[in-house]
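Letters A, B, C and D name the chains as they come in the text, with residue numbers starting at 1 for each one.
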Amino acid sequence: MSVSVSNRGGAHIVTLAGEIDLQTSPQVRDAVLDSLRQGGAVVIDMGGISYIDSSGVASLVEGFQVARRQGVAFILAAVSPAAMRVLQLARLDKVFAFQPDVDTALAEGI
Amino acid sequence: MSVSVSNRGGAHIVTLAGEIDLQTSPQVRDAVLDSLRQGGAVVIDMGGISYIDSSGVASLVEGFQVARRQGVAFILAAVSPAAMRVLQLARLDKVFAFQPDVDTALAEGI
Amino acid sequence: MPDRILASLCVPGRAESLRLIRGMVREAALARGATAEWAHDLVLAVDEACQNVVRHGYGDHGLSGDVIVEVTANGEGLCVHVTDFATPVDPATIRPRDLEDIRPGGLGVFLMRALTDECVWEAPPPGAGNVLRLCKWLPKNSREGEHT
Amino acid sequence: MPDRILASLCVPGRAESLRLIRGMVREAALARGATAEWAHDLVLAVDEACQNVVRHGYGDHGLSGDVIVEVTANGEGLCVHVTDFATPVDPATIRPRDLEDIRPGGLGVFLMRALTDECVWEAPPPGAGNVLRLCKWLPKNSREGEHT
């Protein structure tokens, strides 16, 4: 699993790749909460995620809640079919904001 | 693992992909010996092989020996680093004829 | 088709073992002729079960111990038994949360149930803590006969 | 760093089980911080060992039985124990062939030895047939401390 954070147009882009599970989700949580602490919108680039479990989903839900409290946008971009399946099962597909890719998220989502 | 055989310029091209092991190498052996039985040069396209063990190598050695007896060319094309490592350990890198790809094998090897 | 044990894996009940468990369950499912999507769902269900053993069975009580994951094929599909050596829990106390309540966590048991056709805690054999049985049936056209 | 069992896999001693064994050994090696190349070499050595159990230990005698593959990490690298329940063989009779003699087969034991730092048959515990110990040491800079 890899996490990297960059800045574009005032928004934080958290780029995730690989398998997010109980072992790796704390890194995701840290990157998401760190970005939110600095203020501004957060876009999670999920295009490289090959697997996500409930602990990974929990990190995203936590980010979503903090963002809502702060009144900033929190967008999931480029969600793969495997990740979307887990979000749908958890009925979170109606909760999160989705965009097909990071560019669209920056242009239209925030 | 997948094996497919085609014909180009009088030579048989045996295209292998995936993992060749004790379970799948009999298919490789059958395809190689069938092609040799029909006469003409044989090129093994190994570009798609991600793994090969001693039973896969044994199928290739058997093909090599039959081809030598028949006086036809037997060429390994596009051998990946993982496969080449196994052939080198077995000191077969000095035994087989290699070509970087099928086109070169057809143009120069046969 | 009689029950056939495809594999049994014993690993320490720690987060680092989950990748190994997933790889084993995925390979066993593919070997049984499952599609990648079907295999993903069984893998996720087993991962959630093992994660709960790591976090609750052992972690919550400061314990450590192994997890055994056994995959069996039968005529209908695959069954996976997850055995731990933690304190036995009353299955009635293990329940998924209400999904309307959006908060981090509390999804594991829900996913396990949603992703499988059977999800039951069995009576553990002497010495074991808990045994969870997760089964998932293959589509009718992949069921008949031996594995592909 | 004390010895630490990463995983133990029990599978039927059949050709179809080799993929599962490879996947398990590869994941364990990667979890221990190995490169893909290092992992490939250990995976191939273990595959060759298990293949010989399937073909010679069980197959040659019309027997069937399980293979247990146990992966242990220590300060130097990884050790894998391959246990079968076939007839015990005299290790002295198991020898690689002369590589100058080019013919199909006869490479397994040679590869096992070439790919590992230790390759020894141990005294099997009661009930077991043969126990082969294969160890491979990591490059010095990946050795220290716990896994990554």
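Here, a residue touches a chain if its C-beta (ideal position, glycine included) is under 8 Å from a C-beta of that chain, and two chains touch if they have at least 3 such contacts.
In this text, all values refer to a predicted model and were calculated from it rather than measured experimentally.
Graph distance from subunit B to subunit D, where chains that touch are one step apart, equals 1.
Relative to subunit C, the chain whose mean Cα position lies farthest away is B.
Inter-chain spacing, taken between the CA centroids of subunit B and subunit C, is 41 Å. Look at where the CA atoms of subunit A average out and do the same for subunit C: the two points lie 27 Å apart.
For the pair subunit A and subunit B, the distance between mean C-alpha positions equals 46 Å. Taken residue by residue, subunit C touches two or more other chains at 16, 19, whereas all remaining positions touch fewer.
Pairs of chains meeting the touch criterion are A-C, B-D, C-D.
The touching residues of subunit C, when paired with subunit D in their complex, are 4-12, 16-17, 19-20, 23-24, 26-28, 31, 147. Listed in rising order, the residues of subunit B touching subunit D in the complex are 19, 21-23, 51, 53-55, 57-59, 61-62, 65, 82, 85-86, 89-92, 95.
Within the complex formed with subunit B, the residues of subunit D that make contact are 15-16, 18-19, 22, 40-41, 44, 47-48, 51, 54-55, 99, 102-105, 107-108, 110-111, 114-115.
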